[in-house]
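Read through the structures below before going on.
Same chain, two partners: chain A is paired with chain B first, then with chain C.
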Partner chain A sequence: MTSIRARRTSAAVAGGLGLALALAACSGDNGGGGGGDETGSTDCAAYEQYGDLKGKTISVYTSIVEPEAKQQTDSYKPFEECTGAKIAYEGSREFEAQLPVRLQAGNPPDIAYVPQPGFLKSLVADYPDSVVAAPQAVIDNANKYYTEGWVNYGTVDGTLYATPLGANVKSFVWYSPKAFADNGYTVPTTWDDLITLTDKIATDHPEAKPWCAGIESGDATGWPATDWLEDVVLREAGADVYDQWVNHEIPFNDPKIVASLGTVGSILKNDKYVNGGIGDVKSIATQAWNEAGNPIPDGLCYLHRAANFYQANWGDDVTVSEDPSVDRGVYAFYLPSKGSDKPLLGGGEFVTAFSDRPEVQAFQAYLSSPEWANAKAKVTGQGWISANNGLDKGLLQSPIDQLSFDLLTDESYTFRFDGSDQMPGAVGANAFWKQMTAWIGENQSDQATLDNIEAAWPS
Partner chain B sequence: MDWFLNAESAGHKFALMVVAILLFVLVMGLILFGLERIRRLPVWVTVLGFLGPTVLFLAFGLLYPGIRTIWTSFFDARSDNYVGLDNYVTAFTEPQFQIVLRNTLLWVVLVPLVSTFIGLVYAVLIDRTRFESFAKTMIFLPLSISLVGASIIWKFVYEYKQHAVNPVTGEELVHQIGILNQVLVWLGLPPQQFLLNQPWNTLFLIVVMIWIQAGFAMTVLSAAVKAIPDDIVEAARLDGLHGIGMFRYITVPSIRPALVVVLTTIAIGTLKVFDIVRTMTGGNFGTSVVAYEFYTQSFRAQNAGLGAALATILFVLVIPIVVYNVRQLRLSEEIR
Partner chain C sequence: MTALPPPAPLTEQVADEPLRAERRLSRAEKRAIAVKGKLSSPWASGIAIVIAVLWTIPTFGLLVTSFRPKEDIRATGWWTVWQDPTFTLENYQEALFGSSTSLATYFVNSVVITIPAVVIPISIALLAAYAFAWIDFRGRNLLFVAVFALQVVPIQVTLIPLLTQYVDWGLAGSFWTIWLSHSIFALPLAIFLLHNFMKDIPPSLVEAARVDGAGHVKIFFQVLLPLLTPAIASFAIFQFLWVWNDLLVALTFAGGTPNVAPLTVRVAELSGTRGSAWELLSAGAFIMTVVPLVVFLALQRYFVRGLLAGSVKG
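On to the complex of A and B.
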């Protein structure tokens, strides 16, 4: 009898333990903080406005993970040193899926970096009590340091909720300056030049293909193809039609968009043009986006359309330089436009607050200030820019980043935010990606692809 | 004691977790201990004391979310308006979801059958051989790899690179990474897009699951084969049974309960397959399955209603397997 009782008791204890563990596993974990080393070398004059925040902690939740997370936390150090506040940084690859879950559970972070204006809009619509409008200091910074377009991306129904953090420029074509010099090619400045050059490469180099592309990106597979379509819509239909298309004022499968997808297909679905060093047209669908440019330094591909942040993906033996004498050097040129206007496609993240505590508002103001942008530039090797006009271009460490910043602040370029990031999640983060993947991988027709996306648009 | 109420660091959270666990164990222990010590309690108090907490947790952790999911499946994307059976109609009539259902069916038929067959044949072939333990380790090893890890390994196996040679020197310009395509190139065949070309790509994903589950089937079935009484085997041998006949008339009927357990367990595990599809194709190229599609619809497309409907379909699909499993278990207990 005693042995049976003892066993029962231990079974009860074991059962209890299991349950308790399961319960404990449900509670959140904030990960490592951003503790700073006390160098004390920072000039704190610009930080006096934020007051003394000793002992306060601000939690930040983002989709930016290592290695970029380190650059983020490093850029907060001046703020932490001068105000005494602590930033608890948490990056997650599941950010977009997890943030609504945290809001629903009543466990919001103080600040989140939302990478899509469309997502920000749905957050404000679905959780009006959680999202906090920007305080006056942030509004002032936004109006002072950012163009109207950028301020508008963080504005929902006339209220400013979020300010831009980082920015990127997507309208670039990567190439090898050495290969261009060796073959006597020049950087094209019009769309027609680009196609002429493409044809010339195709004839000159039967062992290679002019273009290489890859759209595989795990469960986000397809996004690089959406950027292609957006860039071409901006060039063929113009920025106004683009805005109507993004906001669903015209149907997704409008004839103008069908025409643009046809233009994209004339490159991406043309067996004579793709897929240099990788395979046939369909291989675009399974080629990892962050390795798709690799055939360029190998001489198997000549052109690769990708954003400024693609520079982080080149191999260790590749140098980002415009100098044609550099062996295995790569550089990027602006994807030429078709008309007189010069559209520029890009993206960025937006600082959204879920608390109005003074220290949170102070940090929001800091992130929208030139002090932060410059601190970030100092600790970032390459692949980062900001649309903040107070950013000192000289602090940017890579020539492509400097070029991107030039284009971004040049009035003659018309900037437009990545369209898929502005559309509702059901389209921008699902149907648009999946259908573009099917368009290439399963050779789905232009019309069927756009019809399917239109059907997925939430009513 | 501020950390007790507002745990910030990981250390504090761990301490809090330990305290919570100890507290829970203490309270539960006291209740159960008390129930047993106090003699004159009515039966229902004892029953309540022992079953109550379990029922409570099951109700909170299983019953409530289950009913809530079924409830949600009758509403629209934002759970605002009642839409009746619309979500189910969508799931069964739209070609996109019909492919998903077809794939799930393929998975749930092929994986249990093939992995059980391989596991059984393997278990019988290596039974009482000299290298039995080594052979068992080899096929058991994949089971210890996580599904995501296995998917990444197999993604490399299937990796495609074009076959390009320099027309003049015949030197290979692009080197294959995937072993399968390398073998094809050695044989003089063109490399294949294993994960892209329908309908074979689903089968190549299924291979991964079979690779993992065959080890499980082998382990359980090997133990069952060893448990067949020697006198039966000897009697059959005296009656002239050998080889296939022995396998067909003695081995398989003797281990039938174990076979049923293995088949149903793998079938249930297969219905829930998510990791392989997500890691290897992201559900593209017509490879999605119900368990992945319900995640996509709920969290990517933010269509809570359709996601819940797919989850409910999955739930309904599992029920007959579980019922069959339980009945078989009961039957075999009755025989004993």
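On to the complex of A and C.
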């Protein structure tokens, strides 16, 4: 009976879990907390503004669990050493189900890392007395160190509630620099180049397929496919239409979106293009998202669209490097745009406070400062970036993290937050995933897929 | 049928009251033996073995998986292990020592949670069951039905109100919340079960004790308690397994901090933030199962007896 209970719970939190899977921004290597002791001799000058917080404890509740949790707690050490405050960290994969329970029962954490702007919005709407607006120091930091787009995602009805913590970039295509060099392929810079390259690979290599993909992710199966659609909507319909679509100002099954899904289908549902080294089109639905890129170093697949945090999923014998002489090396290029604008799809989590005690506000300010971003970069091996422009790029240890950081802080790229994470849970963490899975797995038509999602949108 | 005592000589022995009792008994026995005969037929045994094997295959697969290297787990199913048997303890190593908080901490938490969460409801339920069974007071039946009816309340609807209470009392985040919650959820069933066992004890036994001058306390401890051992043990196993495997109650009331989180909370997080390290789950599952397995095997005798023994047979 216990297992039935547990299963029910997990069904109830499935949506939340999936979103956490899809979006929690700061990824990490599986090695578990590399570095770490470098913070021993911290210069406390930058921390004097926070005052003396000896004996104070700040509780932090997040969806980030081990081994990434270790990197989080390590990054708080300079703050703890200089101010004397103690951070009580708690990570849970049931974060999204448990946080509202705690708020409702009057037992909120001091600070929570909310992984979706949509969730933040509903928290502010449902628990206006619990969520505390950002103090002035945090507002200053936000305006100083983050682009306007990021600040807006932490703002609800004109009030800044949350600042970004980690970030990730999803508009990447992973490839093997060695395979490209051997075949004389160049990294495509326009969408047309990308399709030409795809056709060329398909003709040159009958033993392989140009693309490989996988959308299986347990309860959250389907989310990688939603990212595909979002990326293409951004490229074909533009950022404004994307915003309207995400906010449901135009219907989910708007003709423009149908056209974009058709474009996605021209790659993902094309037997000539997929599914390199794995199987046919339908194998996309059952292939685990975190293993779908594995055929690339084996030479059975050439292109794999995935976020920067995918780097943690490569095998131990694979090196992330742009150098074509590296055997079994992989790297990623920016998924090219169709027009002149350069949209960038990504995600991140937001530091939300539920208390206005001085030590909580001080910690909130610390988390939005470059000091924290640099401390975090120091203790994280690879797979973590922040959109904080005060972050010292030299501290990022992986070339793909450095590239992501460049794109994030480059004003010529238009950043848009992952759409499914901004939509209501019934769509963004349920219907969208399931219908996209049916779209691939059951060969459901473009129109029917989008119609079904539109029907699931809560009125 | 060969095991049956020959009925003919029995009827010839005596021809009065005891005989009829004997006959009835032997008829009941006859049936029991017939059933036993049927159950122990080679066919029945064969079917039982097949079911047992089928039932065990998934667990066995999990066990095999937990010893396979990560790459193999991801590439092929456990049944292919015979073609290329490579085994490793890496998954156990990672599950046990891979996090910054040692798994031993969660193990201790689980024990600290489980023992009081078993002892408290059994103690209270024993006293309540005694009162319901042997003390005649007004409204007894109504109250008993009310307690029994509480079983239909799903625990999910109580989570938020209970947590609100705990926050008001300043208990949130401590072991007390879990102990109290498990006791609350276990009591209706515990009282009902123990009451039924107590009711089955012949009244003459209790009356005889009363005639001899025993009060409630003496009757409870010296007459009833020894007879109830199997019932207590079987309920204790139920409750132990329930609490040991519980994730919902612990997560809701105590949260996931290493101070109070039980093993289940840790195992639920083994696969990592994005669920990509799921190969550790099989090892985690077996680490979790060790203690319940030991408890079950140690108390199995009582478990079976407690389930079957509806009445006192002597």
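The rule is simple: the second predicted complex is superposed on the first by the 419 of 459 C-alpha atoms of A that agree within 3 Å, B and C clash if a C-alpha of one lies under 4 Å from a C-alpha of the other, contacts with A are read in each partner's own complex, and residues count from 1 in each chain.
Here, contacts are C-beta pairs under 8 Å (C-beta built on N, C-alpha and C of every residue); 3 or more make two chains touch, one makes a residue touch a chain.
Please read all numbers here as calculations on a predicted model, not as lab measurements.
Applying the stated contact rule after C-alpha superposition, one finds that A:87 touches neither chain B nor chain C. When the two complexes are overlaid on their common chain A, residue A:291 makes contact with chain C while staying clear of chain B. Using the contact criterion defined above for the overlaid structures, shared-chain residue A:104 touches chain C, although it does not reach chain B. In the overlay built on the shared chain, the residue A:351 is in contact with neither chain B nor chain C.
After overlaying the two complexes on the shared chain, residue contacts for A:70 are found with chain C alone; chain B is out of touch. Once the two complexes are overlaid on the shared chain, A:429 sits against chain B while remaining clear of chain C.
By the touch criterion stated above, A:313 is placed in contact with chain C alone, chain B being left untouched.
By the touch criterion defined above, A:131 lies against neither chain B nor chain C after alignment on the C-alpha atoms of chain A.
After overlaying the two complexes on the shared chain, residue contacts for A:280 are found with chain B alone; chain C is out of touch. Under the contact criterion defined above, the residues of chain A that touch both chain B in one complex and chain C in the other are 5, 8-9, 17, 20-21, 24, 27, 30, 33, 88, 218, 220.
Across the complex, chain A meets chain B through its residues 5, 8-9, 12-13, 15-17, 19-24, 27, 29-31, 33, 57, 88, 97, 122, 126, 206-207, 216, 218-222, 275, 277-280, 282-283, 285-286, 298, 300, 424-426, 429-431, 434, 437-438, 441-442, 456, 458.
Partner chain C is touched in their complex by these residues of chain A: 1-3, 5-6, 8-9, 17, 20-21, 24, 27-28, 30, 32-33, 61, 63-70, 73, 88, 90-94, 98, 101-102, 104-107, 217-218, 220, 288, 290-291, 309, 312-313, 315. Partner chain A is touched in their complex by these residues of chain B: 8-10, 13, 17, 20-21, 24-25, 28-29, 32-33, 36, 54, 57, 61, 77-78, 160-162, 164, 166-167, 173-174, 191, 193, 195-196, 198, 278-279, 282-286, 296, 299-303. Within the complex formed with chain A, the chain C residues making contact are 71, 74, 98-101, 155-156, 159-160, 163-164, 166-168, 172-173, 241-242, 245-248, 251-252, 255-257, 265, 268-269, 272-278.
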